[in-house]
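Two complexes are shown next, each including chain A; its partner changes from chain B in the first to chain C in the second.
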Partner chain A sequence: MSRLVKKYMRKRNRGKKDSPKENEKAGNRQAYEMEELEKMPVSDRLAENLDILKGVLGHNSDVVFRTFRIGLADRAEAVVVYVDGMIEKKIISAEIIKPLMLESRMAGMDCQKEQLLDLVENSGITASEVKSTAFMGDVIAGVLYGDAALLIDGLGTGLAIDVKGWQTRSIEEPPSEVLVRGPREGFTETLRTNITLIRRKLRSPDLFFRDIQVGRKTNTSVTIAYINGLADSSLVAEVISRISRIDIDGILESSYLEEFIEDSPYSPFPQILHTERPDKVAAALLEGRVAILTDGTPVALVAPAPFITFMQSPEDYYERYFLSTAIRWVRYTAFVISLVLPSLYIAITTFHQEMIPTRLLISLAAAREGVPFPALVEALLMEFTFEALREAGIRLPRAVGQAVSIVGALVIGQAAIQANIVSPLMVIVVAVTGIASFMNPAFNIALTMRLLRFPMMLLAGTLGLFGVMTGILAILIHLAGLRSFGVPYMDSISPFHPGDMKDVAIRAPWWAMDRRPADISSKNRRRQSSGLKPAPPDPGGNKG
Partner chain B sequence: MLITLLLTQPSCWDRREVERLGIVLSTGIESAPGGKVRVIVQNINPTALGKGGGGGGAMVGGTASKPYRNRLGEGSTIYDAIRGLSRETPRQLFFAHNQVIIISEELARERGVREITDFFERHPQIRRTTWLLVGKGQLNALMDEPGRLEANPSQRVVGIINERDLTSQYAVQKLGDFLEMMESEGTQPYTAVLEREINKASPPEHKNRLAEGHIAEPHQIVQINGTALFRRDKMVGWLNPGESRGLLWVRGKVKGGVIDIPDPDQKDRIITLEIIRSKTKLSPRIKDGQIIMTVEIDEESNLGETTGELDVVKPEVIKKLEELQARAIQGEIESALARAQQEYGVDVFGFGEALHRKYPRQWKEMKSRWPELYPEVQVQVGVKTKIRRTGLITKPTEPKQR
Partner chain C sequence: MMENGKISSKQVTWMMISFLLGSSILLIPSAVASSAKQDAWVSMLISIVAGQAVIYNFASLSMMFPGKTFVQYSREILGKYLGMLAGLIMTWFSLHLGSLVVRNFGDFLSATVLQHTPMIVPDSIIVILVAMGTRMGVEVLARVNKLIIPFMILLILIIFALGIPEMEFKRILPVMENGVRPVIAGSLVVIGFPYAETVLFTMIIPFLNSPGKGRKALVTGGLAGGALLFFIVLRTLLVLGPATTVRLWFPVLETVRMIDIFNIIQRIESIVIIAWIFLGFMKISVCFYSFVLGLAQLLNLKDYRPLVLPAGVLMLALSQLVYENYVEETYFASQIWFPYAMVPGLILPLTMLAVAVIRGLGGKKTEK
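Up next, the complex of A and B:
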């Protein structure tokens, strides 16, 4: 079955020819080719159709074939096919079988075979969404996505009735993006729910959702969301074309897509923002960005995502702007610290002791007295331990995770210093770096810093500050050349847009941020009317 | 490939871990017989300093360890002497944190400092912000005076210098500034003098010498005492603390300190004023071949203490005090002039430079005769003072009988 669906999908998405080898294999095992199925019309003889369906789906234990006689057209034989667990059984019995089997007979409706389709579709089935199709391929695809297929003897058309209903996780606060102030709902694994969450925030007819199916075997629905008129149409076209060219067996998480559609696959920096928050997606759409929702994961992608978007937290916009501005600068500082602090420490203590204030140097020398390793080895050791602890802490169940953190605090913090394996200052450096890297609102760019820290430390340990500068310059040059869906990665800073500084250097109050980011929504930049700055009522004015 | 080479081949060639450094905090230079120099470096012991909780008698393994070691080397040059020292120091001497250079008075007077300053200018580790001092007496004794708050003598000296504005009674120079002055034709260098004194806080005999926890006060202390004056690179004389402040007044470097003036009504009572800020303007004039230097000083002070009765509410009392203060400042300047201009004839005041700035053309032909012209310069001192605040009380508490 799965092979057939894959073939079917491939045909549908790309129209590309199957490799002869695969064709051969499939041909040997299955009675029907997907290409064959797709072109195969639904026969007006039910027995034939059932043969095909049973051939394709019959060996699956979760596929149910329910045969019955309808109360129309000489008690014609009919079959409902569905996948158990993906459907709402009540709907099938109450809105498909019952009306056709009993109520139509009681109502005394009857007809000739020519009118059968019209009668069944428009007067019989009471379910809300019914699609008719003439091809077996569509029938099978529908069944696999939670539709019930209705085939009636003597009718050359299959009906796919939407009866989807499976177990889902409820809407919860996204654990990876917790805010103090702001909406508490997060995306779930169900695409429809996620779309609803966005639609509820943007009740505008301009909000567009476009669906693409990706994955030969998983047949995953991917929805592209944008606001018509705000998002550049060329950007939307680019996103669609990049997603459409993906040909993979499965999409299990949006990161699969991310790796297929980013601009520079070899860059350590993420070029697409991801989030679990509908409010963050809505804000991005309002700025003219495009969101990509993937069925089966609560993580939505947002593009284009220049560097600065990874530094912005939704909370920045929900808290007072003075505080948000200050926090933002703390975040920028922490970002730099998480990259260079250990390497600066290594460079200065092993090469540039003249830069350290005398008293600090003395206490440093005293602290390092008896430490057997050079600073570089010490730092690598500590960073490695820290990374290991962090990874262990994340993966372990919560109860065990605590034990790990105790071991980390005691063993690394106390014992290592007392055993003179590392100096206390190095522990401080590693701890501050760790805290700084947790400050980042975007987890993926924090990971980048975490990774780049190690080459930076090696550079510092071999070439000193010269090496650190080389590393920083290399990173800056790389960033300057990077693009996210055609938008320069360092957008707003380079190329410099003074107007964007309201949301980069500071977080300006909402009444002052009257324009959208310059390079994202270039044609429709005004987001509010001007002169909205609030003021106390004028005592001399009309209203007194 | 390139990256691999880059990472492995340089192999940290100039890498040195902090704990492998012999951090030098001060350097003393003396002359040694046979035209040689004797170098004393003060090498700190970080363990005793860093972990001892702010220094002092840090206890390591039950015994108090000395926070520093002085090492003495002799050689025909300073570099020679320092490298010679590596035969006894386990760690490479590191001069980037050298904070004080002490030149013995004998060397400064007889051989001049020129022959030793080259090393300090040339060596990349030496900072131009290092304090330069002249040390009286044997340097090894001067540099080995134990302390309690600042365990090693170098940090103690730096601590004293950092608080120089509390007295303004010595004029100290950084190495770079000293060298610049030495090079200038319009001024002569000067710097402060470091001296050992008897510690009067140490009683001649201790009755409770054996009491538990008792550590005797040291018998001697190290003190900065006045200013050494140089002609070019040779030291020629010395200003006492009062005269030193006269020099600083002219140089415009008085930022604090106290002035004693007599009480206007009771002559035997003294009033102490605390200088809070001052400004100096040097304006030279040439009139009929006579060089006249006007020194204008604007000074502000607070009333610090009085031993007599004083009613500071009355403006005329304040006026009187301001006048007396101006006279006192003038007196300090005149004493410095008497010493430096008349007795030693060294232009430490920078009159030549002021003249150079105002009369660049005349200076060209004057500069060769400057040593002869300088003692003839007429100095007119004008002092304006202001008393800003008088403290928390207006009248002193009076003991009254009842």
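Up next, the complex of A and C:
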């Protein structure tokens, strides 16, 4: 915390030096620089402390100062400072004010000023989490994160009492990652809740959470989760150093972090997996990966994320493995289709008509007879319409959204063909491509495919199959050179790890997937003892 | 260090297979059959064995100097000036070979799918891709290769299987009709192209993560690649017969064109063209990588990457200038290439091996 506050203040000071006059003007509102506050000790005299606090926070309508006299040490004056709405008022009144004001008096406790701190902290306040600090900066930071600050006259120490309690969304199933079978809970916007959701799945002392504060203005808590002993310590250190490097005014979503910490910022391919599912995060942690949780967003990041992790859905592991294997292959095929199908159609109908079987060619020629455009223009037109419909469908309210789909189906599907603007086959191609791109469990890599489809179509329209293949080759070269936190992006496939094929080429049954991915957890690869394959009991000890 | 990447011995094996298939997959059948006629498949068997000797020779030399490229250890063995000359020969050979493959590439595409497009267009696209891959280092080249090669081998096997209905065994009879001489002549062609060309791997195996396995990896790749070439030649002969095979420029393409399954899968030769784009890319990449790395080491540069762009332009320009027409190309390939390629492919490494053994150089003694 303190390091970040310092950084924040350094930047502020730099700005202030440039415009001293402005500083003076603002002086009334904020009498103290944060740098001073950081080093400024909590004063013995309450009035002094209050002056400072009111100077920094007093202009805010949601900051409450509650002054009272405690029943100890000659009725010393005390003040509780908190931000209304971020705290649980009942706790403040019942656990802080009531014991100090009334119960201490009734219990007949009294003391000298020297014993006051000990008595208040250990015998007075009944709230569960109390931190004492000697610096004003910590007091203010605590107040802004939902603590109640308690300052007592005659004490050179401030107490930050955890009374956090704000309105949160309840735990729901994430709408973008719905499963038929599997847990139905998803992350929320509150960091603590999310950490709890993971902790409840992995009840191991090896599960580590490390906190970093990012954002000069937002002071967002970012938590790095990993399993000690499974995640490479160098990987954890790398993640921490990449996040600590960030110096930005605010982190509002984990995508801010993602763009700061990925390996190749110019790549269209996502190099970090994101998910709202605690079970997916827990599975990743068990493979030796590192999860990054950001306060204020339900989206957690998982790294390293080679290409193949974007193809795997948690449901693969919850359904029977035959089915999961088959579905995986459908998914791989759909992935390729979503990239190349329109460009293949353009290339073949424009340059390589000989590849089309004669009968199909005749019907294709008949269908395209009245269409005035070349296949490339036709495809671009349809793809653009499809993308527009898709985008409109997301933005519009649900009731209007249906109207859009009717317009899309009727106008685009039917009228465009009857008006001879596009051929029926083109509509099929675009529709199949669209469905294929929805099959991907990771939304961000499907977006990449959507984007790359257009240059591929242009290549196909100019150079035919040769163009398509050079496009694929260029993508493959790019993928072969890409890395996700040092792990090759095409890991398991190239460099090839035969053991990983159990979770790439097929989804092997759990009793056969006895090792973790080779390049993710190189130290500790075994995840179960061997010979766990189930078998019916031996009847009566007879062999055969 | 000029190249930070490390590749595994398996990756080298796969690269060797791609390199051998590279341009040979389309050109070899007619080249071998032109002298060996229906016995071209026997020539292939002979040349696979002889080709391993070529590979074994230069691999042994490289094994004596682990972690060093041909250009680096040639100076150690032959002294400053002669060594420089040897390195220069190897570097020139890689540039020349790369240009020839680029040219083959352009010729082939102009003759088949891009008839109305100037040859420089596909050639420059492929050189750009090669330069892009080479800039990223040998590690990336090895990985790209590994992503592609399984599909290529699968494709070759599928095409072999689909050709079975067209095959007739009487087309390769009688065996050894004209004696041994034409068969040997045919096998020499294959030793020169592609086996002698594999000497460029002396620029790649120094980056193995386990240097001791280099020779085994190369020989394995040589055998596997040779076996695939053998099947391609055999298939072409069985489907077309020797006379047609010799007459056609790209007989493999013709055999694929003949595939017709239920009137639905037909005229799929474009897929072979695609395969050739991938394999040709790998072969040109190995040549190009050897060229820029060799040049950088000759000039004592710290990094080869600044050379990539000018070297790419150079290779592209040379590929356009190297032949006047296709007849010249065929003449060069059939008459001149074998002795020409043998100099860096066999004679130079053999001489250097002898000198190294006599002078007692090298960290590891070779067997024998």
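Assume the second predicted complex is superposed on the first by the 510 of 544 C-alpha atoms of A that agree within 3 Å, B and C clash if a C-alpha of one lies under 4 Å from a C-alpha of the other, contacts with A are read in each partner's own complex, and residues count from 1 in each chain.
Here is the rule we use: a contact is a pair of C-beta atoms (placed from the backbone, for glycine too) under 8 Å apart; a residue touches a chain by one contact, two chains touch by 3 or more.
Everything numeric in this text was worked out from a predicted model, so none of it was measured.
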{"item": "Touched partner set for A:P374, first chain B, second chain C, both or neither", "value": "first"}
{"item": "First, second, both or neither for A:V178, with chain B first and chain C second", "value": "neither"}
{"item": "Contacts of A:L102 with chain B and chain C, given as first, second, both or neither", "value": "neither"}
{"item": "Which of chain B and chain C A:M501 touches, first, second, both or neither", "value": "neither"}
{"item": "Which of chain B and chain C A:T350 touches, first, second, both or neither", "value": "first"}
{"item": "Which superposed partner A:L473 touches (first chain B, second chain C, both, neither)", "value": "second"}
{"item": "Which superposed partner A:V407 touches (first chain B, second chain C, both, neither)", "value": "neither"}
{"item": "First (chain B), second (chain C), both or neither touched by A:L463", "value": "both"}
{"item": "Partner chain in contact with A:L252 - chain B first, chain C second, else both or neither", "value": "neither"}
{"item": "Interface residues of chain A shared between complexes with chain B and chain C", "value": "351, 354, 358, 463-464"}
{"item": "List of chain B residues in touch with chain A within their complex", "value": "6-7, 10-12, 14-19, 21, 23, 25, 44, 46-47, 49-51, 94, 96-97, 99, 125, 127, 155"}
{"item": "Chain A to chain B touching residues, read off their complex", "value": "349-351, 353-354, 358, 361-371, 374-376, 458, 461-464"}
{"item": "Complex contact set, residues of chain A against chain C", "value": "351-352, 354-355, 357-359, 463-466, 469-470, 473-474, 476-477, 479-481, 488, 490, 493-496"}
{"item": "For the chain C and chain A complex, residues of the former touching the latter", "value": "8, 10-11, 109, 113-114, 117, 121-122, 125-126, 129, 132-133, 136-137, 140-141, 143-144, 146-148, 263-264, 266-268, 270, 273-274, 277-278, 281"}
